[in-house]
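Please find the structures below.
Next come two complexes built around chain A: one with chain B, the other with chain C.
Right, the complex of A and B next:
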């Protein structure tokens, strides 16, 4: 088990530092916006001005997780599907409009995917392992698999996180590249992970990510069989899929609350985590199925479950 | 657990396969020259001379994709040639890239800005993750596919990730490396940082001014012992050490003393259970920027206690291929071990004043090369070291 010692999400929900994110959920609509904390508490005002939304929210969520544990994390593993889109688009505009030789490098510097994890290491003055995974909708799974490896290799605490940001341009890609009825949003979720239990109750038990799965149901059966868990032991399923072979009453569509960003399954994990604590149930499965024929499966377990 | 390397593939400006790259290295022949495309023609770059269509037909590529993906397919295909698929083996692919499909997106974006009708469908190729999925499709790998994006250390980190997944037993065999093509986006980006040399770059030279950009891809096949028993492949070399550490100093610049570089080299040596003096050759990151080369040189002096082994930067041949560099240079490291060669650092005339370190100036042949250390450092102080060893 890889215990979740702290979890922090900044999303279009009022999710940051809430005891239970499920308490105040509202269905995402076109006009919902990112609900940001006061970033000045996390980044010096002078630096804050230069930071795009994705960098602000990721640094704030990461710092919350680091501050919740007493010792510095020994690895930072970040997943992002599309990276720093605001700065990428800004620099595309700059190179197509600015005449002459002098270009401002700020947008370019902050356009690379690893700006997120790099900035976190800078802000935390952390010299440890620092990784950025980008595998479309499986970016959380990849960053999580790396975090689990880091824990297995003996690192006491690992900072795991995902972040993706919406820009208006993405709406132009509907319905060709992105689903027609989707509401494109931004969000970040960070976790402080450790194999040490101490006061934690919920942990990641397993994660699998598959390109070209044999079928969602088949893969779920194989995944659970490997863990020696029966399908009917799953208490709740969080998914972005419409038709899953589980009783309707235990299936929650997380995308209705996160909106569409390709690491939103991390918010599904957050919802599942808080639900398991509240109900003292044992297992929650997060099923993340992408349009590019890929499947991510994450199983959360509650050690304190009553059954 | 030992990590065996049983395949390698490379495409760069100095050659479209391993053999051609080796031949250029041996002949001390750079391919950096004035660019061929509208956005590269003002600069000296290490450009692969084949167009996308030429790449597709020359290498019989069946999968469509960005230039980044196509270059990756060429190198991954070469690495994986003569390898078969086995049901008993879990085979994955991990690729590093920094630009992904930007070469396509930047063209569509510019069209739209100019009032032309864009083809939004083309943005399908944009995500970095998609480039890896396309490479995996081309060589028939499904299941585990991952992309690392840590700027110029991406490929080195992809190789490291693959080794760790084998070590943990999650994969038996994995195709690992990286790919990046030249784009207007990166060329203007590095120009905005003002770290270009208008002439041929001079790594580790006192008068170095900056880097030349390049493009290409480099991939390896890593296998566990269990996998070898099934595939029966010949082992080219071993991956014996790896490490990643963070400089945590500045968004782009390296710390003056190379703190992150020191950490990553020391940790990789420790993991390989090697003493610094056992390293026979260092393939440096050596971008030829004033900042990197001084910082990396100081880190060498620290890690090797003043007795720095023969070292060079092969970026004087290929240009800085960004996310691909760790993959391409890993192939060069293995070639060094296999052929007993130490590759020279071109364009070097005077050592850096502060350190006095002199890189390898001419090709060295018939050298017993047992262990090679290869550095890749990325933006944001992402420092990675790989160590390759003779079997």
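Right, the complex of A and C next:
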């Protein structure tokens, strides 16, 4: 087990530093906006002015997790599907329109995917293992597997996180690349992970990322069989799938609350974690099946469960 | 000249994302770099090089003189005027 000692999410929900993120959820609508904390509490104004929304929210969430565990993390593992889109778009526009020969450095420096993990390292003054995983909608799963391996190697605490941001251009990708009725949003979720038990005793039991799955239901059965868990032992399923072979009353569509970004399944994990605390149930499964014929499966377990 | 300085301040605020500052907050003779002034850093110096190139068509070939040019709004305006 890889126990979750702290979760911090900044999303279009009022999710940052809430005791139970499920308490204040509202369904995402076209006009919802990212609900940001006061970033000046997390980043010095001189640095803050350069940071795009994705960098601001990732640093704030990462710092919340680091502060909660007090001892420095020994690895930072970040997943992002599309990276720093605001700065990338800005930089490309400058290339396209610039009249002089010199390009603005800031947008260029901050347009790479690994800016997020790098900046967190600088802000935390933490020079330990630092990795960025970019695997489309499986970016959380990849970063999580890396974090689990880091814990297995003996690192006491690992900072795991995801971040993705929306820009207007993404709406132009509908309906070819993105679903026509989707609401494109931004979001970040960070976790402080350890093999050491957390107070809540809830953690990641297993994770699998599958390219070209045989079928969602088939893969779920295989995944659970490997863990020697029966399908009817699953108490809740968080998914972005419209139809799954589970009783309707236990299935929650996390995308209805997160909106669409390719690492939104991390918000599904946050919802599942808080639900397990509240109900004292044992297992929550996060099923992430969005695009590119891939499937991510994450199982959360509550050691304090009463069933 | 004062018109140029006001324009320069607007461009500095925009180019460096100094969102909390207004033109009135930037004094003509205050140092732009270091703790005494606006507290700008080396990346901002690169942004100034881009600013002079894109808005005024001026290239700084000798990095050694950049420190003097970018000392204050006054020194930047003097430099731009001298290149006209």
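Everything that follows uses one rule, which is that the second predicted complex is superposed on the first by the 305 of 307 C-alpha atoms of A that agree within 3 Å, B and C clash if a C-alpha of one lies under 4 Å from a C-alpha of the other, contacts with A are read in each partner's own complex, and residues count from 1 in each chain.
The rule is short, and it goes like this: a contact is a pair of C-beta atoms (placed from the backbone, for glycine too) under 8 Å apart; a residue touches a chain by one contact, two chains touch by 3 or more.
All values reported here derive from a predicted model rather than from experimental measurement.
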| item | value |
| --- | --- |
| Chain C versus chain B on the shared chain A, clash or fit after superposition | fit |
| Chain B versus chain C as contact partner of A:46, first or second or both or neither | second |
| Dominant contact partner of chain A by residue count, chain C or chain B | B |
| Contacts of A:212 with chain B and chain C, given as first, second, both or neither | first |
| Chain C, chain A and chain B - angle at the middle CA centre, rounded to the nearest 10 degrees | 70 |
| Touched partner set for A:105, first chain B, second chain C, both or neither | both |
| Touching partner for A:29 - first (chain B), second (chain C), both, neither | neither |
| Touched partner set for A:71, first chain B, second chain C, both or neither | neither |
| Superposed arrangement (fit on chain A Cα atoms) - minimum chain B/chain C Cα distance in Å | 8 |
| Doubly contacted chain A residues - partners chain C and chain B | 101, 103-105, 109 |
| Residues of chain A that touch chain C when the two form their complex | 45-46, 49-50, 98-106, 109 |
| Complex contacts: residues of chain B adjacent to chain A | 98, 100, 105-106, 109-110, 113, 120-121, 123-124, 127-130, 132-133, 136, 142-151, 157, 161, 164-165, 168, 170, 184-185, 188-189, 191-194, 244-252, 259-260, 263, 378-382 |
| Complex interface listing, chain C residues touching chain A | 15-20, 39, 41, 43, 46-47, 49-50, 53-54, 57, 59 |
| Of chain A, residues touching chain B in the complex | 76, 81-83, 91-97, 101, 103-105, 108-115, 117-119, 121-122, 124-136, 138-139, 142, 145-146, 149, 152-153, 172-173, 176-177, 209-212, 292, 294 |
